[in-house]
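Each of the two complexes below includes chain A, the first together with chain B, the second together with chain C.
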Partner chain A sequence: MKPFVHRVLFAGSASLVGAFFALPMLWLVFAPFDESPSLSAAVPRPPTLSNFGDLFDNPQVLRSLGNSLLLVGGVVGLVLIVGAPAAYVLSRIRFPGRNLFLYMLLLLSSVITGAAAIVPLYLLIFGLNLIDSFSGVTLALAGGMLPASIFILKDFTDSIPRSYEESARVFGASTFQALRDVVFPVVRPGLAVIAVWTAVQVWGNFLVPFILLRTPDKSPAAVLMYSFYTEGGQPNLRLISAFSLLYTVPILVLYIFVNRRYGFRFHGGIKR
Partner chain B sequence: MSKARRRNAGGDLVGSGGAGALVLPAAAVITVFLVVPALWTLYLGLTDRRLTGIEAADPQFVGLENYRNALDDSSFWNSLKVTAAFVFGSAIIGQAVLGFMLAWTFRNWQSWVRRALELLVVVAWIVPGSVVAFLWIAFLDGESGTLNAILGVFGLGDTEWLLDRPLLSIIVFNTWRGTAFSMLLFGAALNSLPPSYLETSQLAGASVRQQLTGVVLPSIKGYILTNLLLISLWTFNDFGPFLLTGGGPGDATEVLPVYIYREAIRFSEIGYGAAISAIMLVINLIIALGYLRAGRSRA
Partner chain C sequence: MPGVEIASITKEFAGGVTALDALDLSIEDGEFFALLGPSGCGKTTLLRTIAGLEPATSGSLHIGERDVTALPPGERNVAMVFQDYALYPHMTVRENIAYPLKVKKVARQQRNEEAEGAGGSLSLDALMDRRPGQLSGGQQQRVALARAIACRPDVFLFDEPLSNLDARLRLEARGFLKQLQHDLATTAVYVTHDQSEALALADRMAVMELGEIRQVGTPAALFHRPANLFVAGFIGSTPMNLITGVVGASGVAFAGGVLPVAETSAPHGADVVYGIRPEYVGLAGPGETLAGSVKVTENLGAQFLVTVELGEAQIRATVPEGEEPQIGDRVGVMPDARRALLYDAANGTLLA
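For the complex of A and B:
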């Protein structure tokens, strides 16, 4: 054992890994503050905020961020409102076929996922006459995310002793009161984790809105971003860089905040 | 607690009628948006349905013709091969191996360096896909990309990565993008090991390699299997390469999801696209059954 050689090797490989993950991100850190950014990551001299000024003059950009926000709100709301009660019941009540239901839930959601689901979803939304509508995108995204969300929420609820609710009942609380004052506060971290996890997925989702929306004005940020750099001609790097940063920061902040506060743990089939 | 009492405790807050009412909305959304489309796809794969024209209004049943056409189509085979290389290279080799190495290194290491590295890996996972794709387009750019600028120091750096090495590019890109999940999962797995396991083998003078193969890997076998199945499933269904290369140049990075998109949506060959989707669904089913079985045998 040669500790010195070891340490050098260790530091070397740690920096390599660090560089691998950091280098592609450098552009996102520098280019937005560069008066005339190129594709290379270079420290802007002098740094400027003028790119962001242009961004706020661009109605398309603001609208797309608003659209993304609308989709996130819709899907998160739907997943929580529909998923939480189902998770509660699945955790608390043994009805015939419950285990089969849970098994099918897990199986279906992992089989009908991602790209294998595009054609089915496209046809369904087409058939429902919901092409080019936010409700179509919202429903399609929520349908894909509900099963996993129900699973994780059920796990959270499983970890709460039943006696909490029972004692609330003994002391004369109504069903609604027991749910509101006992169950809800205890599962709140679970709800927060699901909300953020769903928000991250929807905020970044490109495929579903790309397929299901037609009107450019309805594009969420993910799709507009893509069209900015694939449209013919020279891509406008000032716009793209500032937009990238503005689009990335909120979801990053949200994730880091909730992660600090509640911590993302692995649940269900993965880890208890 | 007696059996009767336990049953009662469950029904206490919401009666069985209430229970049904609470599960029903979720069951309805899932049925309409997962089950029905999947079954419909299986059916459409047997027809010549198109999005517009006569075949839209009155699609004919064509039996297995779409499947025969797929097997005769060299771009389908190309796409299958590209997808296999993509899943094997970026999920199994890239994400799982790198993720395990990171989790193993981080296991007893408390320092700001560790936290910074961990944060970088996780950020790569959280940043929206279309931003990540552009970051890599910039990073890999032949003329002014950062990668070639660095390689230029060593006298290399005239490769136009996305054109000359497209498959390698999307593999490395997806490794970068998705390693966080494996790192976090393996981190949780290593945490679940009783510390005495490793202490004992260390005291017995086992090398790192012996510790890994003798103690660590066998005891987290279940996690490894779970991880491999999940990331294979996700990578197999990932549309991400489209954002980076659009499937090109030519069809060099046309993974199955991109192939389906091109056939079904762009060329509106719905029947054919549905048949390819059905093939993907079956592959997904095989992976998912493996995953569920792995999870059950561990429990």
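For the complex of A and C:
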């Protein structure tokens, strides 16, 4: 009997811990369908879609989601287009100071988009005359994502034996062909990881677009959520909860799509 | 089938390391040629220079009549099998074998047929749709071979292709590789650090040390008459006995006695190194002129390797199983004078 009691106790306490972490999720599932949601999670009676109706009456909602998608697309594209070749070069070519450079990258990655750098970042974007433009936000966010992305992609590229490219070259492939046929397909799961990670970071970034954009019409979703207040100055939980649910959907879809299409795995090589 | 002609090839790496030092080497048509040496001797660099993966600093390289010194790897018509096989993990076996043909812009239909053919000849028929990660080491090795064969190259370049296999499979693959090369009659250059592999496979072989070739010849020639002490010490699964002594009237005198020599041009009083393989040293009763006590006996299967202490020197002999002495026994030692080799003690070269 003792093992049985043991297992019941274990399952019981694990469920408690799980419930503790699941409660906010539960709120996210219940509150959007509640006529008058509070901060506690409660099954809505009766469930209603009126919150979403009110939400979509606000023309800024869909526009902000569009703005977020635009920013995500721009930053992910820029990070992959700049990061992948940079990582390849850092992986394959030895030059003096390479390791120092890599450690600088790692150090900088935690600094650039952080709050500490927001003033110089603002001044830089201001100097470039890119305040209140998507290009400015895209550049700032991509600059923040690139160091860590390059560092991670370099590790992915390091795990591809040089002999892959060399054998392709001996068979007559050009450098470009070897990259396209051999290196790119093998490193693709790594690129997918970076793309999803960047997308999640950009989608959720509040500070950078909040500081660098002025026009409300250009606000991405994360910034727009900040503006949902009632006339009385209280947070409008009806809109916030409905918008929060909407806000999570694209990231979930992205994750499922990328996982299906590319898979967060790495092709196994041979024993060595 | 063309051979490979290497004329005073030098390769210096950035930083001033000379990997190849004015090498001359002529590899005949259809020959299985092994490059043997310890790690860092330049054998892999030489192979990569033939492939075109490392540009030579100076010198020239011909494959058949063609001067390929300045050609990129893809235009040399060579196929290389890498130590790690370099199979592409995202392609099936068929796509892997067909990849060189795809690069050469052969139509899909034809390259798939060629891949089937090459794969079939290496018994890979059932595996054509698998990925390399689903294959055993031996199967991966055969896929790499099939890919090389499908290119129909002028020269095969093998970079230690058996070193990732376990010992039993390595023996099997070795025989298979030799037969395959014989059937295709394509020139092959084979790099290895394993002397038994080189002896078993090669028609001719070169032993390299520090970027230089120390001896070129047939396996038998290198085994029986190593041209210098380096080759003598490197070749043979049981190391050659090398004993320092002085040439006298009846042989080579050393601290433990006199070693017999058939005939030599070495002058009396010359300092020499006396070399004899353990296989050519017999053991007898303790009444012989050379006698000592047995220090170690090692079981090699059908034979025993016996180490006998002769004064301050040691000499190893192989004896058939069942005839091995006990440790501590006093035994007589009888080197075969006709098999003995004398090396100049100063520069290590073989004295005629």
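Operating definition for what follows: the second predicted complex is superposed on the first by the 212 of 272 C-alpha atoms of A that agree within 3 Å, B and C clash if a C-alpha of one lies under 4 Å from a C-alpha of the other, contacts with A are read in each partner's own complex, and residues count from 1 in each chain.
The rule is simple: a contact is a pair of C-beta atoms (placed from the backbone, for glycine too) under 8 Å apart; a residue touches a chain by one contact, two chains touch by 3 or more.
On a predicted model such as this, the values are computed, not experimentally measured, just so you know.
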If we overlay the two complexes on their shared chain A, which of chain B and chain C does A:27 touch? Say first, second, both or neither. first
Mind working out whether A:171 is in touch with chain B, chain C, both or neither, as first, second, both or neither? second
In the superposed arrangement, does A:197 touch chain B (first), chain C (second), both or neither? neither
Just checking: does A:221 make contact with chain B only, chain C only, both, or neither of them? Give me first, second, both or neither. first
Going by the contact rule set out at the top, does A:186 touch chain B (first), chain C (second), both, or neither? second
Just to be sure I read the superposition right, which of the two partners does A:240 touch: chain B = first, chain C = second, or both, or neither? first
Does chain C touch more residues of chain A than chain B does, or is it the other way round? B
I'd like to know which partner A:161 touches here: chain B for first, chain C for second, both or neither. second
Once the complexes are superposed, what residues of chain A are shared between the chain B interface and the chain C interface? 166, 169, 269-271
The answer for chain B against chain A in the complex is residues 7, 9-14, 16, 19, 22-23, 25-27, 29-30, 32-38, 40-41, 44, 51, 98, 102, 105, 113, 116-117, 120-121, 123-124, 126-131, 133-139, 141, 143-147, 149-150, 176, 184-185, 188-189, 192, 223, 226, 230, 233-234, 236-239, 243, 246, 256-257, 260-261, 264-265, 270, 273-274, 277, 280-281, 284-285, 287-289, 291-292, 295
Using the touch definition up top, name the residues of chain C that touch chain A in the complex. 51-53, 72-76, 78-80, 82-90, 99-100, 102-104, 131-133, 137, 140, 151, 157, 164
Chain C-touching residues of chain A, taken from the complex the two chains share: 161, 163-164, 166-174, 177, 181-182, 185-186, 267-272
What residues on chain A touch chain B, complex-wise? 14, 17-18, 20-28, 31, 38-41, 78, 81-83, 85-86, 88-90, 92-95, 101, 103, 105-124, 126, 139-140, 142-144, 146-147, 150, 162, 165-166, 169, 175, 178-179, 183, 200, 203-207, 211, 221-223, 225-226, 229-230, 240, 244, 247-248, 251-252, 255, 264-266, 269-271
